[in-house]
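Each of the next two complexes has chain A plus one more chain, namely chain B in the first and chain C in the second.
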Partner chain A sequence: MPSVAMRPYLAIARISWRSALAYRIPFVLSLCMMVFNLLAMLSLWRVLLASGHPLAGFTWPEMRAYLLVSFVTGCLVSSFTDFTMAFRIQSGLVALDLTQPVHYQRARFAQCLGMTVLESATAAVVCGAALAAFGAIPVPALPQLALFLVSLVAVVPLKFLIVYSSGLLCFWTHNYLGVSFARAAVSAVLSGALVPLVFFPGWLRILAEVLPFQGIASTPALIYLGQASGWDAVRLIGIQLLWIAVLWAGASAAWNAALRRLTIHGG
Partner chain B sequence: MDEPLIRARALTKTFRRPDKGPGLAGSARHLITRKYTEHHAIDGIDLDVAAGEAVAYVGRNGAGKSTTVKLLTGILVPSSGEVRVAGVVPHQDRIANARNIGVVFGQRTQLWWDLPVRETFTLLRDMYRIPPERYRATLARLTEVLDLGPLLPVTGRKLSLGQRMRADLAAALLHEPPIVYLDEPTIGLDIEVKDRVREFLRDLVANGTTVLLTTHDLGDIEDVCRRIVIVDGGRIIHDGPLAAVRDELARERSMHVQPAVPVDLAAIRAALPGTEVSGEPGEFSIRFDRFAYSAGQVAAAVMGLAEIRDFRIDEPGIEDVVRRVYEGGLVESPTGAPA
Partner chain C sequence: MYRRSLGAHVRASLEYEADFWILVFGVGLSQCVGLVFIGAVFAKVPHINGWGLWEVVLMYSMMTIGQGCSELFAEGSWDLPMLVNRGELDRMLVRPYPVILQVCSFRLGMNAFGTLAVGTVLLVTALARLHVHWTPARAAIALLVFASALVVKVSLTVIANASAFWLRGTISTFAAGADQLGDLTRYPLTIYGVGLRAFLSTAVPFAFVGFFPAAWVLGHGQSAWVGLLTPLAAAYCVTVAVLAFRFGLRRYDSAGN
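Then we have the complex of A and B:
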């Protein structure tokens, strides 16, 4: 029985995935792009690992698992959230969001969760197909699997906050496309979604480990593989949660600052 | 006790505009030495609106009408001054304020573009936590008055401007707010829809809702509002009963005439003393005071001298009214405000 206070946000989540169904074509196109990416990465690593020698501790089945997990986390929280947000801020439609009896940040998170329902479903389907095509992957034992699931769930708020924070930059930049591309590029590398962090040179690896991005791909993938287990896994999940808390508070403060400089021209 | 429902004191909103020189060099220089011009969109507004009052807030484009509404609704944070609406400071307690108000922007819609209108309404029901029976009753009433029945299953993007406005009015009123702000609600609508919206607003006011209506079209407020506030250059230049403004400041009419054959303007001036005749013998305009002459009298006088091929009558626009406020010495011209 959901509480009364949750009712507005549940309604927002529901209408969000309903409206996502209205955007079938862009949704399918972006999914195709991600599947293409996944296939390219799988093919590339298959060649690199063809000799049978593990690279930096990765065998071919492990690398398959790593890439699949990072594909799943890549599907969650598409840039739909920040693009709609950016559009509403730049066009002035945000004025209407500000007259609704909901917290702006919580409402955007609810919207993102609504989309996640749809994204998880498609990710699951694609994973099934990839497993059939490229062969099975190792499945971790139960306690490790539980840790993995926690870290996977934590990806959603963490990734949302990264995307949402960059969306807020609209108040300062006026052109969002550049910000969005920059964020996507930085996050693709530093999250470990393209190449696991162990392959990075020392300085880049340190940078990746102090920034929040590793939490949206590398952390769940390493926990799934058992490369981070026990306390090590708990520590990585702790870092995810810490970043969620920091970014949530930071984004709230940024939002309040942004409102002071909000300008909406015309009627 | 008797605190007005809406109360603004010395309300000011200043925007900073980047001051860029021309061309690429100007943009480059702006990156290093940032210069800004301060622009007072609203410059010290004092406004009290009592519960149940219907106020027309009029002014030219850029006078500060919309900015005032955005400050009263809590969308913008004031640069200085105070504002309280139903005991709440709107920009500090947005959620409490949102429950008290309904907002309609003529140029923006809160309907979901890709979903049926009904879905937007359901979302609003949950957002405002309207009890189901209450929601059903209100929706039924609004559906009847605004003739929404055929619109409910249609997606937002497929509505015409007039249909959209009707749906947006309903969306803003579903939670039965005691205060309603309407920012240029009839902009771009055709006459028939405009009339319907006005009639709806009249009923709303008659039922005790406090209404603040901004517009630059004086026709909008006739019959809806008793009180008119005129803004110019971010300041209130006149505040009083609408009837007085209509009789004192908006008494001038212009008749534009195209005669079948050119006429002597001097003869027309002689036939209509006290009017102002301008133009060419082949196409001219007569400005007259509607208390001195009726339109029929003016037309009859012209027809006595020439056959009329075509004519039309202009009501005074907001531009005329603002000019008359300054001319009439009702207020001093605000210093520093661009004319």
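Then we have the complex of A and C:
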């Protein structure tokens, strides 16, 4: 039996995945976008690696695995939209959220977890289709697979916190579209979702090392491929967890600061 | 009239200056993502299927400018589902001006300026780096081909959004999906299988936005001459867009009161 304190959050998670099922259109839309991108990337790398020469240490089957893992991490937390949050903050509807007897940040996280159920299911289906069309990928040994799963699970809170924190910026700016575009761009490049980080020049790689983004795509993909194993893998997971803790605390502080300057008009 | 309608949107947005710049910055950054990818790949390989760095950048820049033009000239078409769904199209029907243009200028994509800026810089840089043998005739045809390519892109956006007359939802799912499909042509078409290639160059001619025009200007590959068909593709797309609106409007039956 879940504790009494957990109950409202479970309810929020349940509602969130039910509403994603009811309003399938935006969900399918964002998925469509990622599937087309996956198709383009797989086609492109197939041509580039056709000669059998590895590029930056990646052979074609390994690149296939990298692209699929980064596709899965791309699906996770993709339907938790900062836009809904932004809209409620800018329109003042956030006042209603404040009246609810739940912790705002935890409630949003519960919402995001609810949708993860659906996102994982769709990601699995697409991966199956991609494997059928482009060929099988190497599977790591059991201990490595376990490490991979841990890092994959850590992607969810980490990615949530990145999106959530950028959503909080709405308390300070009126143009959220620009902020959201910028965040998506930076995170696409520095997470390694666009292309493995080893393809970048040194300075960009160092930048990616010290920022939290690598934890949402590069870390699980490298662990899956065994390019990071043993203590190296554990260290990368440790960095993921560290960022989760830092961002969680930071976002809470930002939320408190935002509330102090929040003015909502109308009655 | 169309110009005045769009101009009003520009002035309104400039009222909020800081927000305007945040948007331009954000959009510029997101347009650079594809470029970072191209740069990272070409740091390791000399060419993709025979296409060099600046050749790919040229294609990419055409797609980017095309997208900017869509945002500038046809952003309003994204509102068509809402206009049809709520019966607000009635107002436009009684005005003595083509409905298709009224819909297109219903809204202005302020991101257009960021997109166009990045696209133009890329186009100019790529052309400067590539050694194209320019003659007056070649330049004139290139201008025609590039202009047609932009017409193709804008028309495809309008066509995709015209699906709203039949789909009747409030969001342009179909159109957004089509737009994403177009992103496949940011890379040389030759990397795809025959079926997908044929589809992207005939039924939904996204390949005429970047790939074929660039191939013609560069005289690259056996099918470079296909680029000369770009005006034809543009005519085809405009016709389909106009017809889609004509048939769509015939189907349109207000929301009722």
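The rule is simple: the second predicted complex is superposed on the first by the 264 of 267 C-alpha atoms of A that agree within 3 Å, B and C clash if a C-alpha of one lies under 4 Å from a C-alpha of the other, contacts with A are read in each partner's own complex, and residues count from 1 in each chain.
Definition applied: a contact is a pair of C-beta atoms (placed from the backbone, for glycine too) under 8 Å apart; a residue touches a chain by one contact, two chains touch by 3 or more.
Being a predicted model, the structure only gives us computed values, none of them experimental.
> Let's test your reading of the overlay: on chain A, do chain B and chain C clash or fit side by side?
By the criteria stated at the top, chain C and chain B fit after superposition, with no clash.
> Looking at A:32 after the superposition, I want to know if it touches chain B, chain C, both of them or none. Which is it: first, second, both, neither?
second
> Tell me which partner A:142 touches in the superposition: chain B (first), chain C (second), both or neither.
neither
> Does the superposition put A:188 against chain B (first), chain C (second), both, or neither?
The second partner, chain C, only.
> Tell me the contact category for A:178 with respect to chain B and chain C: first, second, both or neither.
A:178: touches chain C, not chain B.
> Please work out whether A:101 is in contact with chain B alone, chain C alone, both, or neither, and reply first, second, both or neither.
Once the two structures are laid over each other on A, A:101 reaches chain B alone.
> Which partner, chain B or chain C, touches the larger number of chain A residues?
In the superposed model, C touches more residues of chain A.
> For A:15, decide between first (touching chain B), second (touching chain C), both and neither.
The answer is first: A:15 touches chain B but not chain C.
> Report for A:132: first if it touches chain B alone, second if chain C alone, otherwise both or neither.
neither
> By the touch definition at the top of the document, which applies to A:4: first (chain B), second (chain C), both, or neither?
First partner only, chain B.
> Please give the least Cα distance, whole angstrom, that chain B and chain C reach in the superposed model.
Between chain B and chain C, the shortest C-alpha distance works out to 6 Å.
> Can you list the residues of chain A that touch chain B in one structure and chain C in the other?
Shared contact residues on chain A: none.
> List the residues on chain B that touch chain A in their complex, please.
15, 66, 70, 73-77, 91, 94-95, 98-99, 101, 103, 105-108, 110, 112-115, 119, 122-123, 125-129, 155, 183-184, 187
> Please give the residue numbers of chain A that touch chain B in the complex, ascending.
4, 7-8, 10-12, 15, 18-19, 22-23, 92-93, 95-96, 98-103, 259-260, 262-264, 266-267
> In the complex formed with chain A, which residues of chain C make contact?
For this pair, the touching residues of chain C are 16, 18-20, 22-27, 29-30, 32-33, 36-37, 40-41, 43-45, 48-49, 111, 169, 171, 173, 176-177, 180-181, 183-184, 186-187, 191-193.
> Enumerate the contact residues on chain A facing chain C in the complex.
25-26, 28-29, 32-33, 36-37, 39-40, 43-44, 46-48, 55-56, 173-175, 177-182, 184-186, 188-189, 194-195, 199-201
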